[in-house]
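Here chain A shows up in two complexes: once beside chain B, once beside chain C.
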Partner chain A sequence: MTRNGPVALFFHALVVIFMLAPLVIVCLVAFTPENTLSLPTRGFSLRWFQAVFHHPDFVQSFWNSLWLAVLSATLAVALAVPASLAITRWEFPGRGFLNALFLSPLIIPHLVLGVAMLRLFAVVGAAGSFGWLVAAHMVIVTPYVMRLLIAAISGFDRSVEQAAFSLGASEATVFRRVTLPMILPGVTGGWLIAFINSFDELTMSIFITSPSTVTLPVRMYMYATESIDPMMAAVSALIIGITAVAVLLLDRVYGLDRILVGQH
Partner chain B sequence: MSASLPDTAPASPGEETPVRRFPTAPLFLSGPAALLFAALVLTPLFLTALLSFNQFDYATGRTGGFTLEHYLAVVTDEYYLEIFLRTFRISALATAICVVIGVPEAYILSRMTNPWRSIFLLVILAPLLVSVVVRAFGWSMLLGPEGPVNGALIALGIGRMKLLYSEGTVVVALVHVMLPFMVIPVWTSLQKLDPAVEQAALSFGASRATAIVRVVAPQILPGILSGSLIVFGLSASAFAIPGLLGGRRLKMVATVVYDQYLSDLNWPMGAAVAVILLAANLIIMLTYHRMVEGHYRRRLG
Partner chain C sequence: MSFLELKNITKRYGPLTAVGDVSLSVEKGEFVSLLGPSGCGKTTTLQMIAGFVEPSVGTIRLDGRDITRAKANSRGLGIVFQSYALFPHMTVFDNVSFGLEMQRVPKGERKPRVEEALSLVHLSPYAKRYPRELSGGQRQRVALARALVIRPPVLLLDEPLSNLDAKLREAMQFELREIQRKVGTTTVMVTHDQAEAFSISDRVVVMEAGRITQIDQPYRIYEHPETEFISRFVGKTNLLPGKVVTATGAGATVSLAGISVPVETAGLSVGETVTLCIRPEKLHLTAPAGGLLTGRVADRFFLGSQWLYHIDGPLGTLMVVTPNDGSTPAEQGAPVGLDWSPSVVRVHRGAMAEAPDVALEVTG
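Coming up: the complex of A and B.
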């Protein structure tokens, strides 16, 4: 801390306030006892959280989002583990193309993916299906999982596997007892970052959800464009809470700076 | 699973494995993911590109035939020109502010010692993981007529100002969302910088400012450039921020595509704008890729 002068620290404080202010105000207003969006000056109240839990649309959207995030993260990991093994351990025709394809959702705007999926679902008659929504979310979370897995598998000492093979272990045993445990931080870290990204996704989902599959961010967007009351703040505070838990878990199992900054 | 494990590539330690025959294992392993991406990335993008050349009949809502009118509309119609210009202006401004705030902040962070460094890195980067709807909503409360910013303006005697639904608000919220994408690459390039070099410059009598301009800045320039490209690309395709904070009149490219698809139901027009947005993004990202690669080649060479 000593190497920064007072001007630098003042600047830093302003940046920190700027980054935290919108999140802090949401959490404060969520506890207001008033009927309007206002800071809780006359004591705290949980009435708006109660309102959320008694609002059938928000409750349904919450469960939709939760299932969607759990399913798409799990299935994305199930596909990404073998795919990243293939990409990191073999030289084969089309390897570079596949690698670029699997990472491509990172550089395609979600808006474009949304309209493209909408078109596909209309053509194949799958509009509004939850299964196709899960598949669409798998596409956008897979790159995050792949990045962590490829890093985990590349930094992996193959001689441990060789030792297991030479001691007579079968391929299945080696995968289960050696390979998987060694890449486990990448797998769990990848699952968590996939969960967070799916749970938060708005821009693609808004095009391809139907009234029965509306996710929480889409429901909030629709709600906020029509009316604004402290219930929005309560839902937002709950989302911040869920994200904070996921972030802390992620930091435990993988290290947040490693995920966000990458290891160069 | 077991049949496709890497026995086809018996890697002897310390040797890259040249596989002569066509390897089947990696195709089995990557097959399911490849099918998913072919079905849900390549096919829909191809269908959308086709759709953007279809004619649209407002009376019947039917599409078909071949036309370039949607692309022509984007370059000739004032409505679309204004939206593309506004999107460019807002994204450029947000990018510039991210450089002005993000670069010094990354530098300040890199000069901190732990645990402060880890804590504040988390504080700056973690909002990235909170849903953008929540962050947009937070800004609408901060800048709303009864919000604390207007409260401060009134207390200072400036009086209440209408802040919401203006370009300024959209820019401020975009900077908030994008700042981590600027801090990350600059931070990464600062990590590679040996602090002893800056110390050496100082000990040879360079002023603090000279040391930063002549020693630190050239080293982190690639980080600033790649951060700028990412921030610009993401800002230009941002949807939630202009959608929630721009109001009905202040449209950006993404909100126009949304309107075309879900209000006007003119899918071909929306598809054309989406294709242009995708092309612009790919050009930006490929430039970024080439630049980063060139940078590493120069460093290695």
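Coming up: the complex of A and C.
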């Protein structure tokens, strides 16, 4: 491995600072005791966090987002496991089409998806339904899960399953005792990536949330269009915190470099 | 009736015939190896016995029962895979115990049986480890214990030693045979390594392009290869094209580029084109005029226990292997005589095939 020279190191440091600085500043501002987004601040206070936790709309939206992310990630995994097993292992007519279909939401702008979903919800009379919101988020997060699972299953030694068969295991037992545990890092990694994506999603959700199903990013957007106060920074800090925990977990169970660089 | 019987087994993949009309009988307790270069159909044959591949034609019987269409998980066979195929998320103990669990062996009975299997392969202290914490040889033993613990009627080994380094491979060969003798399980092994097949099998089945070309005891295959392919594939050999000049009831004389050589093969006819096959260790170096041929040492290679000579002579370059008995070897360029007894010459009818296939394994 070659070491970076001083110029390269300087450049890398600049990029990292450029990317991290806004996050750091938002987190610092969140602790301000003042009434405006100001830095440097005169002291340290948790008043804006307190304000968030006492703001019923934000609390409600937080729970909405959490449930939405948990449900859509779980359902996406439940759908993607059999789908990616079928796509990687069997030759069947429509296999390429199915593969493309599952991955296509990745290349459709969320804005377009939002408009389309809005129209669809109106047609089926589902406007404002939390169930349909979950379904819409599934469409967005399933491709991420599929990508990770297909990578996990492609590197799978089929003879391990054959060994289990030869020892007398039924097909269901082989899946439960051998296949699933062996692709578990891919499953967990996929779930976490799906969770993060759903929890963060704004563009599509703006179109399809109703007053009772407003998600946290949408609530923030709505609030920020009217007024900017340090409570925004506090909410942002909380989201950054939750996402960071999820990413750390992801790195522990699956390895970030495997997702981002595509190594196995 | 044999214990395991394959009758006219054929497997076609579209227009391609992977295995063609293979019939094989294995007796109870026997160790049989399927030997051949890659792509000869030996692994497909094993997978049909295991139940992972369904034959297009033919029947497989195990102990009198037709298992041709039986599912792999109802056959109860023990299989050791080339990649070992251990369950990576289970400990050694759980790996071995898995088969007993599937057979609904009561929990109290499982533990002693797993321990017995692990001690058979000398792995008792490793029961709590995970496969990734073991060396290749140890993983191989876990795979063997896992296959044997269910007391299978037949043990199938798919290139079991090919992932081990040379020294370990040799040690495992003998250990494998010893364990097989101890438990007495009928065993079918697939290998492309003739030394492996010869050293541990009761019988060797040579396969070539999806068909069986010879089934025999290892030394008989070496000494009496039935085809030119086998004589090339199995060990080193000198192949000499010739023509039959005289033939009697008990033998014949073959002319090799003008030199007449006696052979002991009966039933040849005068004028017939033949290929003579002589193993290098059956040739002797003599004084320059003392043998059937004279030649010159073109090259010599010291192999430790043996010397390998390349002798240039009227028949081209011949390989000669002599044991290293401690005496001074013939010098490079020295004139030598070559002698052999007519009884060691094998005669294949027909002309010599083209130069040997590069893919063939040459194991000294």
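Keep in mind that, in the parts below, the second predicted complex is superposed on the first by the 259 of 264 C-alpha atoms of A that agree within 3 Å, B and C clash if a C-alpha of one lies under 4 Å from a C-alpha of the other, contacts with A are read in each partner's own complex, and residues count from 1 in each chain.
In this text, a residue touches a chain if its C-beta (ideal position, glycine included) is under 8 Å from a C-beta of that chain, and two chains touch if they have at least 3 such contacts.
Here the structure is a predicted model, which is why all the values come from computation and not from measurement.
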Q. Is A:Val178 in contact with chain B, with chain C, with both, or with neither (first, second, both, neither)?
A. second
**Q.** In the superposition, chain B vs chain C on chain A residues touched
**A.** B
Q: For A:Leu71, select first, second, both or neither according to whether it touches chain B, chain C, the two together, or no partner.
A: neither
**Q.** Touched partner set for A:Met117, first chain B, second chain C, both or neither
**A.** first
Q: Answer with first, second, both or neither: which of chain B and chain C does A:Trp90 touch in the superposed model?
A: first
Q.
Going by the contact rule set out at the top, does A:Ala233 touch chain B (first), chain C (second), both, or neither?
A. first
Q | Which superposed partner A:Ala164 touches (first chain B, second chain C, both, neither) | A | second
Q. Taking the contacts chain A makes with chain B in one complex and with chain C in the other, which residues are shared?
A. 159, 162, 170
Q) In the complex of these two chains, what residues of chain A are touching chain C? A) 157, 159-160, 162-170, 173, 177-178, 181-182, 184
Q | Sites on chain A touched by chain B in the complex | A | 1-4, 8-9, 11-12, 15-16, 18-23, 25-26, 29, 36-39, 79-80, 82-83, 85-87, 89-93, 95, 98, 101-102, 104-105, 107-113, 115-120, 123, 135-136, 138-139, 142, 158-159, 162, 170-172, 174-175, 196, 199-200, 202-203, 206-207, 217, 220-221, 224-225, 228, 232-233, 236, 239-240, 243, 246-247, 251, 256-257, 260-262, 264
Q | Residue ranges of chain B touching chain A (in the complex, touch as defined) | A | 1-2, 4-7, 9, 11-13, 18-19, 22-23, 25-30, 32-34, 36-37, 39-45, 47-48, 51, 101, 104-105, 108-109, 111-113, 116, 118, 120-142, 144, 146-148, 176, 179-180, 184, 187-188, 191-192, 233, 237, 239-240, 243-244, 254, 257-258, 261-262, 267, 270-271, 274-275, 277-278, 281-282, 285
Q.
For the complex, give me every residue of chain C touching chain A.
A. 50-52, 71-79, 81-83, 85-89, 98-99, 102-103, 143, 146-147, 150
